[in-house]
Every structure is written in C-alpha cells, then in structure tokens.
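Two complexes follow with subunit A in common, the first pairing it with subunit B and the second with subunit C.
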Partner chain A sequence: MTALLEVRGLSVSYGGLRALKDVSFSVAPGECFVLLGANGAGKTSLLRCIGGLVRPVAGAISGNGLSLLGLRPSAIAHRGIAHVPEGRRVFPHLSVFENLSVSWLRRPGGPTLPDAVERIYGMFPRLAERRHQLAGTLSGGEQQALAIGRGLMNSPSLLMLDEPSLGLAPVITRQVFSQLNSIRESGIALLLVEQNASSLDLATRGLVLANGSVALAGSRDNLRDSAFVRRAYLGL
Partner chain B sequence: MIQALISGLLLGGVYGLFSMGFSLAFGVMRIINFAHGAMVMIAMYLVFYAYTLLGIDPLWMVLLAPVAIAALGSVVYVGVYRRFVGRTTLQQLLAAIALGLVLQSLAELAFSPETRALRNSWGSHYILVGGVFLSYAQAIAFAVAVICVALVELVLRFTRWGQAIRAVADDAEAAEIVGQNAQAINLGAFGLATGLAGVAGTVLVTYYPFNPVVGFSLMPIALIATVLGGLGSVGGAFLGGIICGIVQQMTSALWAPALQDLPLYGLLLVFLAFRPYGLFGRRAAH
Partner chain C sequence: MYILQLVIAGLQQGGIIALLSMGLALMFGVLRLVNFAQADFMMLGMYGVIVLGAELHTNFVVSSILLALPAFIVGMLVYQLVIRQVAKAKLASAPEHAQLLATLGLSLVLQNGSEMIWGATPRALPSSRSLQVWHLGGLIIDQPRTIGFAIAVLLGVAMLWTLRHTHVGRAVRAAASDRDAASYVGINVRRAYIVTFGISILLSVIVGGILVTYYPVTPQTGNDFILLMFTAVIMGGLGNVMGAMAAGLILGLVQSLSQLVIPLQLNTAAVFGLFLLLMLVRPQGIFGEVTRL
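Right, the complex of A and B next:
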C-alpha cells in the first residue's frame, strides 16, 4: 500500500546553514503523525519543504506515490495536501467567507462551494457568526479556526498544521485539538507540528526533530515513554 | 468656474481610469509600473491609426484596444516584471522607468516625435447643458471611465478571480498555499491593469493631443491619484484621479494654465508627509 506522504532523506539548507539533515518518515491514510521539536529544530522548514515553499538540497517527497518535488505550492494543494501555515496567515482584508471561498478548489466528486463553506461553518460556529467580518479583525483562536477551515476547503486527504496552538490560551488550544481529532475521525490524515506535547494525545505515530535531524521516531506510546520526550516536553 | 469644475470632473474620470490600473498593479504585485503611461500612449497610437488608416471609429476601439494593450502588458509582465516581483523597490522602479523609456523611444522611432490629434466626426462636438459647454468626447470618456470602475470593483469584490487577486495582494505565499497559482493571478491582474490603460488611451485620444512623451507626462497624475486614494486601492485611485482633474482645471481657470500642476504636486507632498495612507485611510490593496 502506498503512503499518503512519503519523505526520504530530506535535507534543506538556507545558504550555508543546514536546517534539515536526512529526514525520513511516512504518513498513512487516516493517521495523525505528530512532529515535535524545540524552537529552531526545523519543523517549519520541513512542512514548507513538503508544501513546495522551500526547495530541498537532497531527498525525495511523494504523495500517493507521485513525486511532489518541483511542484508549485498551489499544485501541491491541488494534490490534496493542505498546509495550515505557521502564524495562520489568513487574508486580513478578505472577509471570513471570502477567505474560505478563495481556498475552495473545484474537484471531481468534491463538494460545491456552498456545501464546503457550510461544512466549515458547522464545525466552527464562530466563523458562521462572523462570516462578513474582515479576517484581520478576528481573535487568535478564530483566525486559527479560519486557517484550518481554509485548509479543509480543498477536501484534502492530508492536512499539515504548523503549531496551531501557538499563542492560544490553553482552553482554546484544547478546543482546537478536539476539532483536529474529529477531522481525523472523518478520515483526513493529519501531519501535526507542535511544541505542545499534549498533541501526543491525538497522535498515532510521530517523531522528534532536534537540530534538523530525527532524534526519535515511533508510535505514540514509544514517544510518551521515552526519557527524552518526558524530560523535554512533558516536564516529568 | 462651474465650467472648470465640470471639465475637471470629466478629465478626472479618465485620470482615474488609468490611475486605477496603476494602483492595481501596485496593490497586487508591489510593482510601481512607471511604464503604465507608455501603455496609455501606445493605445492612443493604436486607436489613431485604426481610425486614420482603417476608418474604425474610436468607440469600437474601446473593446479592442484594451485587449491589445492587455496582451502587450502580459508580454511585459512575463518578459520583465515577473523577475522583479519580490526584489527591492528601487531595482523594480528603475526597471519600470527603463521599460517606459524604451517603449517611448520605440514609439518615437515608429511614429515620429511630432504631436498629433485625432480629428474624428464627433470628437469636437459640444453640447450646451444648463449654461455649461460639455465636450461630447469628454462626456463619453467620462461615462466609459465610470462604467469601467464599476465593472472592476464588481469583479474584484464578487468574483472568485477578484477574490484571488485580493488574496494575492494580501499575502501571495498564503494564496499559493490555499491553491491559487500566484504567478497566474499576477499575470491576469497585470493584464487587467494594463487593459485599463488601454481603455484610458482610447477615450483620451478623442480629445487629447498626443506624442510619444504623453505617457510619461501622465505618470505624475497616476502617482498623485494613487497616493490620494490610498496606495493599492482601486476605487480610491479613481476618486483620486477625479480630484486631480478638478484641482488641475480649477487652477488653470482661476490662476494660470501654466501653473495647473503646481497644487497637485503640493498635494502629493502634503499627503506623503501627513497622510501616506490616503484620503480613505486604507493601508492595503483591496
């Protein structure tokens, strides 16, 4: 069976600075793969590289068995790999509705624009209330919901999220994680980048990045039980 | 006085029309397209020769010239500006000025530097409305400008293409992430922007004498209108253009025609210093 996403020997450099070294992992349909790592570990570089925003210096990336290397980010979105970027990056001068509408990709057998928007409003009622409001005026939690909703508008098979809990109050973070859990239960695989170790509750498998390399990889329970994760992320 | 106000309004509509295109390119791509005026100038020659050589009425060219100029704009975008998206403003601005000068020199070679005017059957007609002389050509130009600004605003506001253009203006990388090909959107937006220059040239040529330098001479107006209207705001640039037209014609009537641009430049300095976001206070393109 081909993996939804397969990353092999990926390396990324910025000028002379090596941000990722020989990273390999794969994500299977329907699972939640969590990427943990400290500040500057290379998590964002990894997602941006998969999303086509950064070119790797070595390695291979494939989605459903087809190489994604060299594709424009928009083409990767069209392949069913959605990216919810670090910092949310909603379009501030577009309304909530327009943010969703502009992210809808027409695909065979996919939902119509109104159906897709209604589904997002059903998941995030706050967005429905604020549909005509400019996205720049939303709170942090609402913007994160909108960023996730935007990612779902193209009915992806894989949703990549870069620190969705960043800057959110713990209550809001719990809400976001529980939304992510229902998204996964609806059959969409997640590739979740986090520094917040409570994300491990959602995980099926994951890995820990340190200084651009894979320090540890395994199932959720392997990660939870490892001395490294317990010390660095769980404060135990 | 009323006469100056009306003719300022009518001329300002056309200023607004091409300022809109200039502002759109800036708002979406951060391109300060100093060659925008050259596009207006080329449209004027196109319409002039279509009329003198082929007998095509300028009104018909309202549909044809923008398409031709948008095509030229697309070539310019792919050939030149695409390489400058994301580069420093200075590099990009110098490239745009160079491009404008190249187009102007080519026009001088092809069409000679002499100043011409298009004399068609209706261009010099006047109608008297309530004691004010209305130039037929100016009234038509104004009507076309108003229709264009309304259409462009509707497209930007209510079509998915328009939403995509505004999304790229807000955050080009995020637009790519959600599946919009920013390069293609930029190309389309630049085509639209230069198409507006094409419309402006078409209606302007019916009453405005022209030569290869006319394009550059219009650029200060586009700059001022864009600053007045709020950088990157399309509707704002249109209103800014109208203000430019009125200020210019009033100065000319009440003071001296030779000084007609002086208050405009003063206005530009005042706005840049004290209200860089323009009259309507919107910071970004929309």
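Right, the complex of A and C next:
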C-alpha cells in the first residue's frame, strides 16, 4: 500500500540553525501517527515543512506517491492534506460560517458549500449554534473545533494537527481527542503533533523528536513502554 | 439653507476622499502595504478620461468604465513586477520597508512620466457639464459633483458588499487576517494579494475619472489628496475599509462646515486639528481595534 504521506531524510535549517535532521516516517491511510516532542524539538518545523511554508534543505516529501516539494501551501491543501495550525489560528473577524466557507474548495463532484458546512455542523453542534458569531469570541475549545472543522471542509485524506490540546483545560482536551478519534474512525488519517503524551491513546504508531532528530519510533505500545517516553512524558 | 449647502458640498468632497481612502485601507489591511503612489494612479485616471474624451468623445462615465479593466490589469502587473519582486529581493531589513520605498519611487516615476507626456500645465475636461447645476428649492446642486458622489457611494458600498458576501471577498479578508492560516485552508494568498492590489488601483483610477469633471489635473495633483487619504485611513482605524469610508465622509464635511466658524483658508487646519484631537482620544481610530476589514 502506498503511504498517504512519506517523509524521507528531511532536514530543515533556519539561517544556518538546524531545526530538523534527517527525519523519516510515513503515515498509512486511516492511521493516527503521533509526533511527540518537547518545545523546540522541531515538531512545528516539521509540519510547516510538510504544509509547504518552509523549504527543506534536504529530503523528500510525497503524498500518495507524488512529490509535494516546491508546491504552494494552498496546493498542498488541495491535495487532500489539511493542516490545523498551532494556536488554532481561526480568522477572528470572520464569523464561524465564514471561517468554514473560505476553506471550501469548489471541485467537480465535490459537495456544495451548504452541504459541506452542514456536515461540519453535524460533527460539531456547538459550531452550528454559533454560526453567525465572530470566531474571535469563541472559547478555546470551540475555536479548536472550528480549526478542525475548517481542516475537514474539503474531506482531506490526512489531517495534520499541531498541538490541538495547547492551552485547553484537561476536560476540553479529552473532548477534542475523542472527536479526533471519531474523525479517524471515519477513515481520515491523522498526523498529530503533541507534547501531551495522553495523545498516545489515539495513536497507532508514532515517533519522538528530540533536538530535531528522531529519538525513537515505533508502534504505540513500543513508545509507551520505552523508558525514555515514560520518564520524559508520562512522569513514571 | 447656507448650512445645508455646505453639508452637500462637504459630502460631495467627502465621497471622493472616502472612495480613495477605501482603496488605500484595503491595500494596507490585506497586504500591509503603505502605497504612496495610490493618489498618482488617480491622477493617471484623470488624464485618461481627458485623453479618451478628446479621442473617442466619450463622457466621463463611459471613459471611466473603459479605464476600469486596464486599471485593474495595470494594478496587478505593478504588484507582480514591482512590489512582489522588491519584497523578494531582500533590499531592506523588512520586506514592508522595501515595498514602501518602492511605492515612493513609483510615485516619482508616475508624476515625472506624466509630466513628460502631458506637460506641467493644468488640464481640465472640456465639458459643458462642469458648469451645470440643479436648483432645488434655494439650493444650488452642482451636477458633476453629485453624479460623482453617487458613483463613489455606489462603488464603496459594492466593495464592502463584495468583501462581506462573496467567496473572493471572504478569502481576501481571511488572507488579511492570517496569511499562513489562509494558505493552510487552501486559499491562494498570492492571488488574493494580486487581486486586492488590482482592485485598489482600479478604485483610484475611477475616482480620478470622477474628479476630473471639476478639478483640473497636473502631474502633481495626487499630492493634493494623498495626505487627506492617509488621514482618513488612520482616522477610520488602520486597514479598516468601512472606517476609511466613514472617515473620508467626515473629513469632507469638516472641511466644508469649518467655514462657518473659521476662515475658508483654514479648512485644512480644521481637518488636521480634528485628526490630532481624535488621535489623542482614540489613537486606534474610529472603528479600529487591531487591523480588521
């Protein structure tokens, strides 16, 4: 089976400062791949690079077997790889409905805008209640739901999420994770970047980034059982 | 009656400033670009209408419509060939600084280029209309200014409506709000920028077409307006298109009504006095908080 997303030997530098060194992994259809790492480990750089905002100095990225290197971020989004950025980044002065509608792409055979928006409202009833409210006035959890909903507007095959639990209360984090689990069960693969090791509950596989390189990779149980993860992330 | 006459004159003048400032505010709000050449494109529109009137004998409305598409295309080309390249070339510490200087340079080129072509002598539209008025009760209503005001308001409202209710308009607002997030959700940010620049230039050129019916043009005419435009944009709240529209109308009214209390020659002082006061009380502008469309 070809991987949804394949990253090989990826290196990223910012003005001589190495952020990522030789990172390789792949995400298969329908799985949840978790990237764990501390602040500054290179997690966000990795997602920005896959999303097309940062050019790598070396390595290859392909989606469904086709190279994604050199594509504009919007073109990568159109290839079915949606990116929910760190800090949610909803458009604060646009309403909930407008936030969703700008993320919609007219495609032959694709859903109409009202259908696509209704589908998201079905998944997140809170957003339906607040459809005319400005996104900047939503609570953190609602904004996260909106950011995820925005990512799902064009029925991607892979949803990349950058620390969706950041700044949320534990109970809201659990809600977000359970929503992510149902999204995965609906067949959309997840690439989940987290510092929060409870995200491992969702994972099929994953890796741990430290100082820009892969410190550890494997199945969920491998990661959970490793002394490194237990010490650094689970506090055991 | 005299006051009403002044209000009418103020609104007519304000409508022009409003539409000019909306273009400038849109450009700043979306591209974070301060365009010093904005009023010079208006000047080009004025010459354009004069030339078309002489060659094709079209009136100013038809001429302005004919100029709209070329203006839009020229705007997009200027963005693509000048503004964007300058940002890429890393000529200054921040791309915005290089772009700002580029628009200053552009302003010089447009002014001196126009002087080469048309000379420095003021030119006016040889139109019988410019003297026609309506008598309404005791009021004297200048026809070209009123038609111009109507066009300005119509265009301004059309632009606000487009930003609010069309897919392109929402995409432009999203790109203005958060460039990276917009590209993540699949918006082609570069295209949104190019279109915004084109529309903004188009607005300036159309305003020129209206203005030339009663205001003679020289290559430096833009300088008469650029300061008022920036004042309106800042008063409205930087980058706030609706705010710029409101502030433009207010400026026109203040300029006109100030004659009631101070000598006519000081009407510009009244405008900037009000501006200073407003900046003391509400430095973010009338509608401003942070940048928003």
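Note that the second predicted complex is superposed on the first by the 234 of 236 C-alpha atoms of A that agree within 3 Å, B and C clash if a C-alpha of one lies under 4 Å from a C-alpha of the other, contacts with A are read in each partner's own complex, and residues count from 1 in each chain.
Just so we're on the same page, contacts are C-beta pairs under 8 Å (C-beta built on N, C-alpha and C of every residue); 3 or more make two chains touch, one makes a residue touch a chain.
What you see is a predicted model, and the numbers here were worked out from it, not measured in a lab.
> With the two complexes overlaid on their shared chain, look at subunit A and say whether subunit B and subunit C clash or fit.
Subunit B and subunit C clash in the superposed model.
> First (subunit B), second (subunit C), both or neither: which does A:165 touch?
In the superposition, A:165 touches no partner, neither subunit B nor subunit C.
> I'd like to know which partner A:85 touches here: subunit B for first, subunit C for second, both or neither.
A:85 contacts both subunit B and subunit C.
> Is A:199 touching anything from subunit B or subunit C once the two structures are fitted on A? First, second, both or neither.
Touch status of A:199: no partner.
> Contact-wise, after the overlay, does A:143 reach subunit B, subunit C, both or neither (first, second, both, neither)?
neither
> Counting only touches as set out at the top, which of subunit B and subunit C does A:45 meet: first, second, both, neither?
neither
> Show me the subunit A residues, by the header's touch rule, that subunit B contacts in one structure and subunit C contacts in the other.
Subunit A residues touching both partners: 51-53, 72-74, 77-78, 83, 85, 89-94, 98-99, 101-103, 105, 150-151, 153-154.
> If we count contacts the way the header does, which residues on subunit C are in touch with subunit A in the complex?
167, 170-171, 173-174, 177-178, 180-190, 292-293
> What does subunit B use to touch subunit A in their complex?
Contacts found on subunit B: 160, 163-164, 166-167, 169-171, 173-183, 284-286.
> If we count contacts the way the header does, which residues on subunit A are in touch with subunit C in the complex?
Touching subunit C from subunit A are residues 51-53, 72-74, 77-78, 82-85, 89-94, 98-99, 101-103, 105, 150-151, 153-154.
> Note which residues of subunit A are touching subunit B in the complex, please.
Spelled out, the residues of subunit A in touch with subunit B are 51-53, 72-75, 77-78, 83, 85, 89-94, 98-99, 101-105, 150-151, 153-154.
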